[in-house]
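As structure tokens, here come the structures.
Each of the next two complexes has chain A plus one more chain, namely chain B in the first and chain C in the second.
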Partner chain A sequence: MKPFRRRKTNKKEIQSQQDANIILQSPFSSNIDVNVYILEQLFKDIPDLVMRHFLLSTGSNALLIYMKGLVDKEQVHLHVLRPLMNSNTISHGNIESVISVGKILKLEKWQKAEELIFNGFSILFIDGVPLAYAIETKGWPQRAIEEPATESTIKGAHQGFIETGVSNVALVRRYIQNRELKIKEFDVGRRSRTKLSVLYIEDLVHPEVLQELEDRIQQIDIDAILNTGELEELIEDNPFALFPQSLTTERPDGTASHLLQGRIAIIVDGSPSALIAPMTFTSFFQTVDDYSMRWTVASFIRLLRFGAFFIAVLLPALYIASISFHYEIIPVSLLISVGESRAVVPFPPIIEALLMELALEMMREAGLRLPAPVGQTVGIVGGIVIGQAAVEAGIVSNIMVIVVSITAISSFIIPNQDMATHIRLLRFPFMLISTLFGMVGIVIGIMIVMAHFVSLESLGTPYGSPIAPLRLSDWKDNFIRFPRWAMVNRPISARTTQLKRQKSKRNRGDQK
Partner chain B sequence: MKKYALNEITTSQFIFFIYKTQVGMGILTMPRITAEEAGTDGWLSVIFGYFLAIFISLVIIKVMEKYPEDTLFDLLPKVFGKWIGKLFIIGWIGYTGYFAIVLLLMTVFIIQVWIFPQTPSFLVMWLFLIPIYMITRSGIRVIGRYAEFVYFITLWMVPLLLFGLKDAHWLNLLPILKEGWKPVLVAVQKTVVPFIGFELAFILYPFLKNKKSAFKGIIIANTLTFLLYMYVIIITYVYFSPDEIKEYTWPTLNILKSIELPFLERFEIIFLSFYMIILSMTIIPFLFTAAFGTSKLFGQKSHKIHVRIYIGVIAFFSIFYTPIGQNMESLGKWADYLGIGFGYAFPILFGLYVFIYTKLKNRRLSA
Partner chain C sequence: MRKTFLFLICSSFLFVSGCGDRMDLENAAFVLVLGLDLDEEGRLLVHTSNPVFSQEAEKRQDMKKTAASSLHNSRVQLNAQSQGFPAVGKLQVILISKKLAEQIDPFLLLEYLYRVAKNPTNARVVIVDGSIDGLFNAQEQMKDKPRIGVHLKDIVDTGFEGNETVDVRLQKYHYQVFEKGITPSSTELSYNNDEIKITGTSLFNSEGLYTSSLDLEETPLLLILIKETETKSPQFTFPFSSNSSDGEGGEGHNFQSLTFAIQKMKKKVRVSVQNGQFVFKESIKVDIDLTEIPTDVDFEKNKKEIKKAIEEHLKQKFSNLIKKFQENEIDPVGYGLYARSFQYKEWKNVQDDWPKAFSEAKIDFNIDVTIRNQGVMK
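== the complex of A and B ==
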């Protein structure tokens, strides 16, 4: 392979990445021809780079370069090229007053120029000037703002994040119009140079937590980050955790609500979701809708979700344990009807349960990736197979069908997708251990999960809060939601530095 | 400089740590052991036991206040000198280690009697050791959080016993003091052991973030334990006849056994399985203290390796030893003696010694 590679590289003027780096570190030449030569070398085989030569009214040569498709053509033509060509009194001192575009930067080195070209800037070179002007003319294809499919609400806002970081930041800012909402920007990924915007409210966030997050982001050394999920894995506390330690959401209003509780949001350019940390376990069970409903209804639904959590994890395991180990806990009359339905089934309960659960998971996955009309067909076919035919054919028992469907529905109630998938995964080990050790096995499983749960942390804040460590004042907004007027303080689980969030007689907190 | 700043625990963790260490086997056996000595007046003995426990707890806190940055294992060599101090540490390691092992064996034994008569005991033991290891190795803060979590996840088990009130005979409690004060006072020596657990304040105190709340915390912990014991004892007394209660080794479980709902029976299987969570929280603190003690003895910072050794040794020997009834009884008896010795006698003598020691030292310094 080696000779071949050498032959190929020999053709290039720039021999290697090191040479390119030397050039990138060097300043622009004042001679435009030299600049054009360097450009041609640097951006070899990039046909979507547009290089437009033209003459200024003063007679000097000028060159405008931009990436086709990353810029707003209209803006380049009308607000950059036309004024430059038509203006009579142009000199390099008053470029800013000629070009009618908001943001113009003066550049000295190639490196910055390269970075900005790929960010949708147009770069202007003028002969005899050892500088370049970067003009912001961003405009790439993007999706319209829609309601996020995975987190739809009934009464909440119907806007969701899109794939452009700048717009996403703006969407959040629409909710928090306060100068304390600060943003720190990072470029991560050697090749992708993905823009991360770390959003936080400066007088709410705990400085240690913020520092911890910054340190972790700065330690990332990777070729590319394409979406939020990758970033999440790179910065999470425990890579072997059974539960997600940070939340990804597509909702700007949800993000704003978390920011207002003193959490930090990271918006990844190119990904339609924000990453929110530090999270606690119970905050995965909250939705924005909880706050737009009256507190009684919201509390009931919250309790329903926590109930669903236990059902989704434990119900199949409990069923297996009670019919294969501890049938004495079922009263005789009930046991007879269970026995009747199980009489024709040839499999032991664990096989029966695994069959049904796996069939269900497959159907879910199939329905997820298929286009909507086909997905429905899968649902109908699967529903009939699981519900009716399998029972009639004597492969599974009626009661197992009930158990599996209740489990499935319970796991769908959990509002956060990540959490729901983790919970679905968790029930398989529980089923296995209950087959081996019955009720005792289940309890051992619970203890192992508890042990894991209490030692988990998210950005250095305890994940089990407000249960363990106990923070009773946070219980107002966890298992049930207290009325809004009763929630005077922010939750302390997120380690916010200002507790008060509503007006009270005592004068502290958000003073204006 | 604070030695243990990294592992600080909150007041509520301190409370639940001690409370959950105290509550364990006592719930299952206490109705019988008090009834054996004092009949249905046993609940009076619990009150005496409670006040005794509070008194000793306060002595412990008073001693620790003098040396707020030291655990007992740092303190012993300081006060007694290097070698005698080490001897005491070994004694404490033996006591807590013995307690942990006996409690483990008892748990496995009960599980075997009530749920798994066929399964080899070492399998249950190994299974049980997994979560215990996971928590014990992580140190005091995680144990504190676990204690809080245990409290909430087992809260539903308390009202289950109310089913027993359906067949209650309140007259069983009367007349009060039918045989005078003597049996009541004799039974006190049986009721003090279930309160064992507060002496871990010797270890916990330096980790406590808010030291002022130690008094309040330890009183709350003892009171919670006391209320729970009273609740269980009264219900078992009114449910069983005074003679019947002595027939059962674990009367509490027998109440649960009799509960019958149209869709569920034999509650004691579910109850006992979940009771393992509560029992784990009595074993973990003792195991931790033992491992912490050995790490101090050898001057090591981390206790993890010692936890591993303990767990490994227990797991290995559990293959050859199957707990049986009589053994359990004699093991339990020794645990009672050790408990009274280290939990009650030691704090008083140690407290006296420390007070005299500091007095003398101060006098020497001022002179």
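== the complex of A and C ==
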């Protein structure tokens, strides 16, 4: 093969990153022409950088630079350029009083200027002044605030996070209008400089937990973080865990609710979801809607979800074990109908089950990524595959179709998508172990999962709480949800420093 | 690298071991019914029936028989005939022909079922009046009935629900054989070409041999004595005519009968020994509902009379039943258990031959009837 044609490389003025670093560390020149030369070197081949030369009313040369698309054009034109060009009383001492923009910073070094340019600031250079003014003129394309597709509610709020960190923080602040809601900001990612906002309520959060999180964030040294999921993997306690250890949510009200329980939320700029830690296993089975419904209904639905959890993990395994090893536990009339439908199937139960489960998983994945019109086709084709046709062709038995369908429905009612996918994954090893060892295998599998479960931690707090370690006071908001007036204290699972949540003067229950 | 290698080797072990006792359901031949019989020459005949799942087969069930020296020996032979591996795990009914039960203690033949842990302990023990072969053939001809295993199970279960027979399964049968204070009993079936029906209860003596039967009218009395009627109310009917009735009907009113259902029952047994003879005082308190009264009898007027008649009737019935037991030297009620509890010293002397001592015992009945309800009709 012919090698790439040797080209004469363009002669670069800045040879290496080291050279650039030296320039970035240096202060601005008071000569505007020198600054322009440096700018041209630094921002070579970046055509969306706008450099606008103009004369101030005092007659001195000025230069405004900004990134096209990252700034609000109106603001730049009306509130920066126009007053600068028209004002008669301008001098470099009162620049701030001329520009009618909220935030203006005085810069001395190139490094900060570079960072702010990419952040949507406009930078103003004036000839003869060894400073630059960074004017906040952010304004980039944004999605409208709408209800998150994965976490819709019936009675809760219909706002979801968007891709702009600042707006997301504001959405949370709308729920907690309190001075104690503090934010720590971190820039992570050498290239992406992703802004992380760590939200917490200072007098609720346990300082050690917060410190642990900060340490982990500071240890990250990576080129870029593009979304919350990447951050989650970098800071989670156990990377080989079978369950997610921190929650990602797109709901501001849910985030606020977690913050009020003493947890910490991390909002990643550019990603429409917040990461919440420390979490417990059972919190993944709760939704914001649980608190907007009456407690009896909410409790019933929660029990349903926990039931669904066990069905989704164990049902195919139990079915395989009982028809391969323990047919004694099947009532005789059911046994006969199972036998009749199994008799036509040429495969052992595990192959049959894997066939169906994998077909289902493929269909789910296909339906997820495809545009809606094509997704419908998947639904129709899938309905034929996982349905009567497969049974009539003698590939799978009737009972297996029912087992797979119930399993699928059960895994879909788990409210959290992360947890639901982990549960779906967990049932495959259980199916395998039940084929090999029957019920004994399932029991051993459960023991292994339990041992793993109790050893998990989320930000150094026990993940299994309030089940293991047993914390009975937290069971008020666990498998069933007690009425709101009965939940006087915050859950201790999140190690909050302030337990008392309410002090109602109203009578409790049916007291008169 | 070494770790990965080790992990791979370990996980391959996962596949080579285990699954030794795995048997997929459709490959098994589920023996739902096991029949024990004797042929003309007195050899043991073992019958089995298992459902056939294949859609190609015309018959839904597979009935086999083999002559064998023991139940376990028969398994080997049946295995050779069978399409699948015979599995006794779902055994529903054990049929024993009366002919066999009169000559051999069936318990000795069932030894194998008790010894293997995977075998069920809740198969129903049933005595068949007739040959098992005949029963199997008759059942196979019945087009409107399910497979024999399900059919027999349903018959026996409804029979027990309807107070037609005792509920004796392998485990209870084992208990009755080994307990000195009680003699075994079991369900009894008979059949003809059109139907299979329960005829009552079979009773065994202390050697385990069949001795006599209780018919459908006697069985509820036994059930009352062993307190197994609690959820179902047994009904009794006897002819009744009042002395104070107007006499309009005159004679020939035999079909005018009185029926009552026992709703609630309390039973107490007192045991004493007089001159070496056991005396049992049974006091039975029953709440009854009258479900049928002769039309010419005025209930309000004859309340006391009716009550007395019922008490007398029950007492008579119970006494006859006990007489039958004593004549045959059997104790299916388990009076021996009371004797042991309350008169241990005396019991010790007779425990090895309790049925004999029971046959000489005296049993008094004291029945107290409360009429709770006489129906919605006035």
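FYI, the second predicted complex is superposed on the first by the 493 of 512 C-alpha atoms of A that agree within 3 Å, B and C clash if a C-alpha of one lies under 4 Å from a C-alpha of the other, contacts with A are read in each partner's own complex, and residues count from 1 in each chain.
The rule is short, and it goes like this: contacts are C-beta pairs under 8 Å (C-beta built on N, C-alpha and C of every residue); 3 or more make two chains touch, one makes a residue touch a chain.
All values reported here derive from a predicted model rather than from experimental measurement.
Overlaying the two complexes via chain A leaves chain B and chain C side by side, clear of any clash. Residue contacts after overlaying the shared chain place A:H452 against chain B, while chain C stays out of touching range.
In the overlay built on the shared chain, the residue A:F437 is in contact with chain B and with chain C. Panel annotation: after superposition on the shared chain A, the angle at the CA centre of chain A between chain B and chain C (CA centres) reads 40 degrees, nearest 10. In the superposition on chain A, no contact is made by A:A149 with either chain B or chain C. In the superposition on chain A, contact is made by A:L470 with chain B only, not with chain C.
Of the two partner chains placed by the overlay, only chain C lies in contact with A:S324; chain B stays clear of it.
By the touch criterion stated above, A:I380 is placed in contact with neither chain B nor chain C. Contact with chain B, but none with chain C, is seen for A:P462 once the two complexes are overlaid on the shared chain. Of the two partner chains, neither chain B nor chain C is touched by A:A372.
Following the chain A superposition, chain B and chain C show a smallest Cα-Cα distance of 5 angstrom. Within chain A, the residues touched by chain B in the first complex and by chain C in the second are 328, 330, 437-438, 441.
Partner chain C is touched in their complex by these residues of chain A: 323-325, 327-328, 330, 332-333, 335-336, 338-340, 342-345, 348-349, 435-438, 441. Put simply, chain A touches chain B in their complex at residues 326, 328-331, 334, 437-444, 446-448, 450-455, 462, 464, 467-470.
Contacts from chain C toward chain A in the complex involve residues 14-15, 18-19, 21-26, 28, 30, 32, 51, 53-55, 87, 89-90, 92, 118, 120, 147, 149-150, 153. Residues 10, 12-13, 16, 111, 115-116, 119, 123-124, 127-128, 130-131, 134-135, 138, 142, 144-150, 152-153, 260-267, 269-270, 273-274, 276-277, 280 of chain B are the ones touching chain A in the complex.
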